[in-house]
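Heads up, the next two complexes both have chain A, just with different partners, chain B and then chain C.
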Partner chain A sequence: MDLLPQLLVNGIISGTLLAIPAIGFTAIFAVLRFPNFSVASHATIGAFAGYAANVWLGLPAAPALIAAFLVAALVGLVSDEVALKPLRPYGALTAAIASIALTIVLENMVRFGFGNDLRGYDLPLVRDWRIAGVRVGPQQVQNFALALGIMAAVFAALKFTRIGKAMRAVADNPTLAELKGIDPVWVGRLTVFMAMGLVGAGGMLLGLGTSIDPLTGFRFILPIFAAAVVGGLGSIPGAALGAMVVGVGEELSILVLSPSYKSAVGFIAIILVLAFRPRGLLGERAY
Partner chain B sequence: MLSYLLATLTFAGVYALLALGLNVIWGMAGMINLGLAGFFALGAYASALATVALGLPILLGLLIAIAVAALSGGLLSRLTLNLRGDYLAIVTLGFGEVIRLIAANEIWLTNGSDGIPGIPGPFRGALTPLQFNALSCALLLLAVALAWLMTERLRRSPYGRALRAIRDDETAAAVAGKPVRLYKVQAFAIGAGLLGLAGAAYAHFTSCVAPDIFRPLLTIYIFLALTAGGTGNTSGAVLGAFLVIVILEGSRFIEPMLHGMTGAQGAALREIIIGTALIVVMRIRPEGLLAERPPKPVSAP
Partner chain C sequence: MTRLSRRLFLGATAATLASPAALRAQTDAIKLGSLTPLTGVGGAYGPSMRDAIAGVIEQVNEAGGVLGSQIELVSEDTQTSPEAAVRAARKLIDVDGVSAIMGTWASSVTTAVAPLAWESKTMLLCVSGADSITQLPHQGFICRTQPNSKLQIRVAGDFMVEEGATQMAWIGPQTPFAASSIEILGEMAAANGAGMESLIYEADKSTYRSEVDQILRAPPDFIMLGGYAADSTVLLRDIWQAGYDGKIIGPAYAVNNTVLEALPADVTEGVFTWEGAPAIDSGAYGNIQAILGVDDVDPYSAQTYDHASLAILAMAAAGDASGDAIRANIRAISQGDGQVVESAVDGLAALDGGINYSGASGPCDFDEIGDITGTQFVFKQISGSGASEYKRA
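On to the complex of A and B.
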């Protein structure tokens, strides 16, 4: 049996899922100009909020995803207001350090409430489909469709809504945007809300395939950063493209590396891009 | 009890070495390093392998640990030299994770998640455990004193002044003719060398290294130590390291008083406290307990 088509399909699906949190990470970088490492804990929070909606309330995966988005978005907004925003004037690196501390705090709050056990979502068991020798699960296809839908909504919102235009304006030139009457504080808040919501939804989408625990988000940070850096830090289409490169790269790496090094592929991708094309594939422009 | 105190003091020494290393990188040169745990692990494994697998003397193991950590630090900082500091943040964080992956998976080299046991300590066989703890404690405090002396001299030297200039305004430093790129890579390598030394000292003291020890949490502990003590202040780094150990060990005694908590909850609570403490300190006293005092008086900014 030929392995390659299967790996490519797996890679494209996981790359699409990865794009959701990567877009969140890069959007915050574009507007607020600092790498917010607390995406790790927000992905975990989204995964657990989705778990609560799915297992405790008995909702199917798609509505549970909305819960994942909303809870992560709210926690993201509140924690940013309390912990990170006051530190941003001290510089991007100070805010980055604080965001790691924040991730530790939030992740351990999840651990305090849920413990270290692995938890699985309550999903209907269905037989995998076989199409031309490639196996795909209906759940995978559903996740893929959901991720594509979210991505389409994000791009449409950025392109056509006032809020989206304001975000792009601030990302492009904060001073000019302010002169035009755009309030950078509110754009910052909206960005954090939307971005952390995406990260939470992405955490759940990535968790649906396996089981989740408080470290779920942290396990995905390397591929998330890699997607953002490969595409060009701060570029939203770049994050989507970068996620695809990293997702497919991780799957193809199985051909040459032991599977336990899958998440190291992200790091290798970062190193290669920084060495040869430091601004990323699409450059640093937000959109 | 005495043995416990000595062991705690030894750990404080390890943390102080880490804080001194980070102080060179972040405090003096203003470069970020979120992969502290990776350099610490690199030093620990390098020295462990050199002494256990190759049978080299401990002193040589320490030197190898310093060299390996410094070299990889230099390479990583060289890679992101032309980019904003954010990239170094991402690269170092990724580096820490990859080192942990390698330590957990290259079983032929590192024995995987079981770790490397039986790392020799100085005169471990000839001493009682208490005597060994006393000796390690003394040796580590000596190492901290040496590292303090050397980084303090570095700070006061023209080289340290140039690093501060680069930290505060890279362009101005370059215009003044300072070799900015070279100095940044050097400073990162020097700091990373100290981090590697801390890892090696840890390995020889505890006699065992395993991938579990090198969690990213360590990075937060040391940033808390340096920020609370005083970023850029050599004595502050040491003071902060001892402070963090007091918080960590102190919370161990409080834990049994809170009834009805599982072990995982207790550990989670401790980490919540540490993370919150770092954010609070950055917020209300960003200069730390001992503020940085430039060796020569300069006009207020």
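On to the complex of A and C.
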């Protein structure tokens, strides 16, 4: 039990980082009504775009994060227009399966361009601080702050901007929104752009403390999906809460389970939520 | 419309029935299969492992082929995944009809492919280390050029004891050799009065902070890493950030150049690696250097160079290109009193007088269950951005 405070800190930090791509995933579900599993490759693309900005152009982490956002957002927009949008009229399942195919294609394009090798960001590495017996890394603190900043920006945008309000309107009731003069196609595009941007930024944040390779995003697809389901598919605050549950749950699980079963926490969370509260902790209202 | 469909159907049926004959007509070329990890965690090795096999085959074809035929290489990708590897192996066996599959890398992949190989009487030459592989009921259809993990762990455990370990730790993912590694290291620690802790984690995670917190509680003074490159990168960074300043050793396939490039030099400074040492002074090693056009050949490409040479020489000795012929003759050409040869081309020329193939990875002598014997090991220590030889065993 002496590990408990340390595990809680580790869990809160990893949950916060996980929340960014989970918000992107759930936002797409809220507006376009299908689970877009290509978030895996978009997280990878964001991580590599951030890598290129950081290592090749010598930018610090925060501007590199903007590059990660923009590149993943643009790739997301184009690939959605080309591959997923034409299939959406055939149902959510068709679009979901197409998104899995898309993620394989995009992942291999990254592999084609960057190769299979592991790559690390060009950031100063320092030993962790120890505060009251709990260790925490300066890089972790920075990532945590960046993730909180991004989340604050997302919530502010949804609440106060016209675009944010239009997104919420389409998510709540697309027909009514269209009657009010909101073009659902453009709102869909904007959502994909913003959401895949968040996923890309999240991919880079998750990769910052470690190394990246073409499978980086794929490793997070289960926790991202679990976070969205636990919080309530389509609910943006739910995704943030769900990410925290999954992140803290995974770390605390090693007190009772062998660490080799960490991923089981995501599955267990999905099963519990589907069994007892199928709409997720916060329901499916977008905001 | 119906008539056309029926005609088409009849035509297609006739074509299908005729196709075995067509396939027979093409079997002039002898087919060998390369099944290496072109992608996935082994992706750093697979391409050059395949190129090594292709290089041997090209040399043999230029010298006139074997058994009066040219050899054709069919290459597939395991994706370092057992499921993908089984699909690829099925294709190599059922569609291409290869007589040997060479170069399976991860132990989980080799274990999955092995039953397909022995059931179809296809020779399987692998570079995997898990002990369980050669204990499978493979009837001689598996040989490996990689020392088994028991031997590898014993050699490394001895090294840890010699370097003064008093509290050992093993940390690695769930693999076919995780349990036996922990068991062997635990016995060695107990025999030498040292403590021992172990932790099996889940592969493919982006951080192991909590796992590191747990393993460092003992606290250890010598940690052995049991994973592959991707997780070892994460782990080394986490261990360093946690303030650990004891010794670390990891297999060279896990703490490899890509790991050194991905991590700052501070993190990897002083880390030991160990591996089966390629026979760097041999003619075979010079040949594979020339084939790949590099100075430093990784141990797996050296091993697949040997796989291709062994398979070709065994076929030639048998006078038959089947997998069964390779199985029956592989020891006849790789060990014994014959003339020592270091390439397939030299071996084919000297075959009549009896040969003993000695390769780029070592002497290539196999025991009765297909394990390699007589391998040398090299320990290296990382300093700056490279590893330099520390000692040999």
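The definition used in the following text is that the second predicted complex is superposed on the first by the 286 of 287 C-alpha atoms of A that agree within 3 Å, B and C clash if a C-alpha of one lies under 4 Å from a C-alpha of the other, contacts with A are read in each partner's own complex, and residues count from 1 in each chain.
Here is the rule we use: a contact is a pair of C-beta atoms (placed from the backbone, for glycine too) under 8 Å apart; a residue touches a chain by one contact, two chains touch by 3 or more.
Nothing here was measured: the structure is a model prediction, and the numbers come from that model.
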item	value
Room on chain A for both chain B and chain C (clash or fit)	clash
Touching partner for A:211 - first (chain B), second (chain C), both, neither	second
First (chain B), second (chain C), both or neither touched by A:111	both
Touching partner for A:233 - first (chain B), second (chain C), both, neither	first
If touched residues of chain A are counted for chain B and for chain C, the larger one	B
Contacts of A:162 with chain B and chain C, given as first, second, both or neither	neither
First (chain B), second (chain C), both or neither touched by A:258	both
Chain B versus chain C as contact partner of A:10, first or second or both or neither	second
Of the stretches 113-121, 185-193 or 347-355 belonging to chain C, the one that collides with chain B	113-121
Intersection of the chain A residues that touch chain B with those that touch chain C	111, 116, 258, 260-261, 263
Residues on chain A engaged by chain C in the complex (per definition of touch)	3, 6-7, 10, 14, 111, 116-120, 125-128, 130, 135, 137, 206-207, 209-211, 213, 215-216, 219-220, 251, 254, 258-263
Chain B-touching residues of chain A, taken from the complex the two chains share	29, 34-35, 37, 83, 86-87, 90, 92-94, 96-98, 100-105, 108-109, 111-112, 115-116, 218, 221-222, 225-226, 229, 233, 258, 260-261, 263-264, 266-267, 270-271, 274-275, 278
Touch list for chain C against partner chain A, complex	39-40, 43-44, 173-174, 199-202, 204-207, 209-211, 213-214, 217, 229-230, 233-234, 237, 240-243, 258-259, 261-264, 266-267
Chain B to chain A touching residues, read off their complex	30, 32, 34, 79-80, 82-87, 89-91, 93-95, 97-98, 101-102, 104-105, 216-217, 219-220, 223-224, 227, 262, 264-265, 267-269, 271-272, 274-276, 278-279, 282-283, 286
